[in-house]
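Next, two complexes with subunit A in common: one pairs it with subunit B, the other with subunit C.
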Partner chain A sequence: MINDISIIIIEDQTRYEEDALVWELKDRFEDVRFFTNPKEALDFIITNESLRMIVLLDIDFNRKAEGHQILEEIRKYSFQIPVILWSGIVEPKEPFSDFINNKTFGYINKHATFAEAFKIIDDAVNFLNESIDKAVEEWIIQHPKSQMDKPVYISSGKKSYTLNEILKEMRMQTEVGKDFSKRLTKLTIDLLMRNKENLND
Partner chain B sequence: MIKTLLVFDENDTNLGDFFSLCNEELSVFFSEKNFEHEIIGKNTRFDMLVPIRIKNYEKQNFAFAAFVHGDSDNLLQSGVDPFISIAGDLSLFQNSFFYTFACEAGKTLGLELVNSGCKCFIGYKEKTHIWSGYPKPFVNTSTHGFKLFFEGENTKKIFLNMLSLYNEEIDKLYKEDFVIASILMENRDALVIHGEDTNLSSFEIS
Partner chain C sequence: MDNEIKHLKFNFDVSAYRLLGRELITDRITALFELVKNSYDANAENVIVEFININPKSDKSKIIISDDGMGMSFEDIRDKWMVIGTSSKRKRFNSPPPYNRKVTGKKGVGRFAVDKLGAKLILKTKQQNSNQTIFLETDWSKYQALEAKQFQLNFDNQENKFFTEVENTYWFEESDTSNHGTVLEISLIADVWSKDDIERAYKELAKLVSPTQTLKYPFNIVIKSPYLEFENKRVESYIIQHYTLKVEIEFDKETEKQEIFKVEKGELVKQLTDKRICGLVKMTLYYFDPKAKEKFKSSFPGTIIDGVKIYRDGIITTPFAEYVAQQNLQKDLLSIDKRRYSGFFDKLSTRDLLGFIEITNENNPNIIEATNRQDFVDNKEWQELKLFFIEQLSQVEKYLKEAKNVHRENTKSEFSTAKSEVNSFKKDISEIKKNAPPEIQKTLEELEKKAAKVEATVNKGIKEFNELEKEKKQQENLFFSLISLQTYAATLSHITRNSIGHVLRFAEYFKKNFPNPSLQDRFKHIANTIYDELIRLRKGLDFMLKYAQSDSDAEDISMKELIENTFYNLYHSEFEKEKVKTLVEINKDLIIRYNRKSIEDIFDNLISNSLKALSGKEDKLIKCSGTVTNNEFILLFSDNGSGIKDEDKTRIFDVFFTRTAEQGGAGLGLFIVDTRMKAMKGTIEVIENELKPTGATFKLVFPFKK
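So, the complex of A and B:
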């Protein structure tokens, strides 16, 4: 049972709460949340920044392609959350370009087998477990709330950032945000090269 | 003892507190060793005062340290006003040991200083950063080289010693505070030395 990753399903039709995939997810993940109201789902995602989550997102809400807007809203907040499209619609009829631009993690057809679905969901779990960005986020979030808005990361090239600002830069994958993960990769290599760590650790 | 001038941009909005800590660290060192030195710090114009002080040294050997903002061509007061620049008269720094924490100054300014007669430059060729929530390792690493010069170490050895101190601080930190360790590593990798291998005794003799 996976207890450190939450599954957020955003789907307006309640009948899918009884879908076999949802039951299987509940069997594998301790925290599976089903939202029929996209706004409530977005509020949950934004107010639970410390949770590691995978989002399963329907595309068609009341026959409107609202999934596009929901993904856009999630991406205004973070590019670090794997969002998997979960839909029964026929792919070629759907304009997918913005899904690609907004970095959807994958696509699961509602008629997919468990094997097909979990190939993508397991990839998303691995992405979260192996993500350097997520490690930095977790390191930042563990700081006391009182420290989150004080400038801590200061450049002798004039700029300064608070912990909250660093989180935002990382989630939006700006150059400053990307620098944090690049530096950690370099640090790992540096520690290996200087024999401070080895690959079996 | 050679003339020594230190500049700390303590009024700077972002890094003023950090530069003050560097000032405290070096002031304690100089007073313990009983070394004479001059400090330019708060509430003054560096572009006016630095040349006046240096001209008083009458081209004798001297040591200069600046804990200020910078870019590849300039040292800056408050991050905006150049007070040492490749566009200005760098011959002022003839016969100096020049040491700075300023961002990127090691790229062009450091080389131009050496071309203009500065004996040795130690600084940073890329942007440097600090973590103000945990400044101690940043203060230690950024002031270490200047202290070593006054302990008689040769400048090339100072450079290597600074790299070693960075490694020590990184190794102490990385298991708990890997983000801070990674910033120290980046500062370490930006460190650069230009000019000749020299030391305090050769400054005092000539």
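So, the complex of A and C:
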């Protein structure tokens, strides 16, 4: 049972709450949440920043392609959450370019089998477990609140950043955020190579 | 002379490159188009697009696009050309004076179009009065190689470069100060350009400037290629000829009033109304009937009548140089063809229309092109523009339909006039014959015979006209049911797919977990849901089958008996189970000759619709009352359920529209009712609910001839 990743399902049709895919997710993940109201889902995502989550998002809400806006809202907050589209749209006729822009993680068709669905969901789990940015983010969040607002890093543009600010930059994948994680990785590798540190706890 | 070679780096990353270069510039014609538009934005008056050695492809193949625009400074190249999504054009709406052209490229993606045409670019640019030409060389294949590498895991010690680290060489050369402009010399060409391809490019470029607009400063495009026909050809927008009808509306900027079309007494007139939220628009529509279409096709071989385009400030926005080999795959942004599912014969299609909607940055700032140039951002202004357009089109259709009817009636009355004239002619002859001298008797007899022949021909003509009319009506009905079947099939496939997915995963879950005792409840749920899903599917298939079986078998149907049978027998147990009271009042019986299944469908769907609206209510009531008037049978069908929201009233007959998805509503019921009513030339509408405080009332009108 995976207990450190939350699954957030945003889908307006309640009948999918009792879909076997949702059960299977509940069997595999401790925390599975089903939202029929996108706004509540967004509130949950934004107020639970310490959670690691994967979002399954429907596109068609009451015949309106609201999925596009919901994804956009999530991306205003973070690019680090894998968002998987779960939809029954017959042909991807609609403008998908914003889905590409907003970096969706994958697409599961409403008629997919478990095997097909979990191929993508497992990838998302791996992404969360293996991404360096995510690890750095977790490391930052572990700090006590008092430390979060102290300046700790000076960018190449000579601006200083607190842990909180770095967290935000990384989530939005800005130049500063990407640069920070690139430098951090370089530094880590450098230290490892010079045997200053080892990877064991 | 400053020939020293230096380097510049593009300022963007891998995903942006992929997205912009590949996903947005969908084909090479679009790419060419983007580059020519760049010249327009740079105040060029002349652009030459030159294809050299492009068939077959070799290392000598080149495409050169040169213009006499304002050119770029070194700073422009460094800070704009090399940066993605440059804001310079976004900040200003007009190109520099005196041209003040409305800038068309606002996304800053045009330059990536080059990559679609060829892998290597030498950019030469020179500003007016400058004595230096700047050269910049970009080798896109380096970026491609990097891109390929970035998608692989790299374990060797090779240094991993980023896109932003690739160096592009540049140098300066001295030149005389008089000329100016930009030349894009593209080599390592991606594809062969056949004559056909050049012709395509020509046709798309011809659409760049709106044919209804006269530009203050010329913008000439010349294509040069090895093909005789396009050796040195100026691109000209074709003149629209041979149309059946041309209509235009404009607006009054001062009073902010918009012209609209309106059909009045069979005439298409224009009226002034308040500005809509989409802003003031100009619109020109050309309609081609089949004869006109033939003529158009033979006058402009290879050119198709391809619907309505939107121009902003005289330059095309969309469909943006979109070349689609199969016309039926073309996007229908304005939803012209989608409507044809409801009312096939009176609606125009994109193949009957050429048209131009003219918008401007000033009047319509909130209508925004999507980044991929194939659509608009879906906001309320765009929605309104679509609506506005369809409203205008509907008036034109109404006008054409009425004109057609008038024409038909005229033909009919001409026939009967001819008949009576022949008759009186015959009478006149027989009168003359009585007193005529014998020498002309023979001639008169001949005339009589001829008149009889003419009479027979006229009679035959009338008979055939009537038969043709009848036949046409039958064909219309057939087409109509085929089209609604097509829509229905699409819906059914959608529902079936989702249902199958649902059932499939349940089966998977069951197979995996049975007989785990802690999951008993879920197993039960699985059985129930599979049952429900299959019932849903069966319902869908049943209707499909009904269609398949519904031949045109007409029979005499007593409406009173049919309705009473539906209420008292077919739905009796269902009403009892749901505790629904019914009230059926039909004042007079009416026998109509029609297909029974079609009429049963209407009541089936209305009742099941009401049952959904009544669920959870107390004192449930369904009322059905009918009155027979002189030539109509009017039926009011009411329930005291949850009612229909005002905003839904216009949409409830749309296919897929449902507010009862939870109860298995698929958005089909009322669509089917509407389809069936229209096929009978009847109508259905929502009127004020007769049962209070809540509920819905449908008014159905069945026309008949006594």
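We adopt the following convention: the second predicted complex is superposed on the first by the 183 of 201 C-alpha atoms of A that agree within 3 Å, B and C clash if a C-alpha of one lies under 4 Å from a C-alpha of the other, contacts with A are read in each partner's own complex, and residues count from 1 in each chain.
Simple rule for what comes next: a contact is a pair of C-beta atoms (placed from the backbone, for glycine too) under 8 Å apart; a residue touches a chain by one contact, two chains touch by 3 or more.
Computed from a predicted model, the values in this text were never measured in an experiment.
Legend: residue contacts after superposition of the two complexes on their common chain; A:M193 is shown touching neither subunit B nor subunit C. By the document's definition of touching, neither partner reaches A:M1: not subunit B, not subunit C. Contacts of A:Q147 after superposition: subunit B is touched, whereas subunit C is not reached. Of the two partner chains placed by superposition, only subunit C is touched by A:N109; subunit B is not.
In the superposition on chain A, contact of A:R183 is made with subunit B only, not with subunit C. Within the superposed three-chain model, A:S155 lies in touch with subunit B and out of touch with subunit C [touch as defined at top]. Of the two partner chains placed by the overlay, only subunit B lies in contact with A:V136; subunit C stays clear of it. Overlap of the subunit B and subunit C contact sets on subunit A: empty, with no shared residue. Contact residues of subunit B toward subunit A in the complex are 14-15, 18, 68-71, 79-80, 101-104, 124, 127-133, 167, 170-171, 174, 177-179, 181-183, 185-186. Taken together, the subunit C residues at the contact with subunit A in this complex read 15, 19, 23-24, 370-372, 374-375, 378, 490, 493-494, 497-498, 500-502, 504-506, 508-509, 512, 522, 525-526, 529, 656-657, 661-662, 667. Across the complex, subunit B is touched by residues 135-136, 139-140, 143, 147, 150-160, 180, 183-184, 186-187, 190-191, 194, 196 of subunit A. Contact residues of subunit A toward subunit C in the complex are 13-15, 18-21, 23-24, 62-63, 65, 88, 90, 95, 97, 100-101, 103, 109-114.
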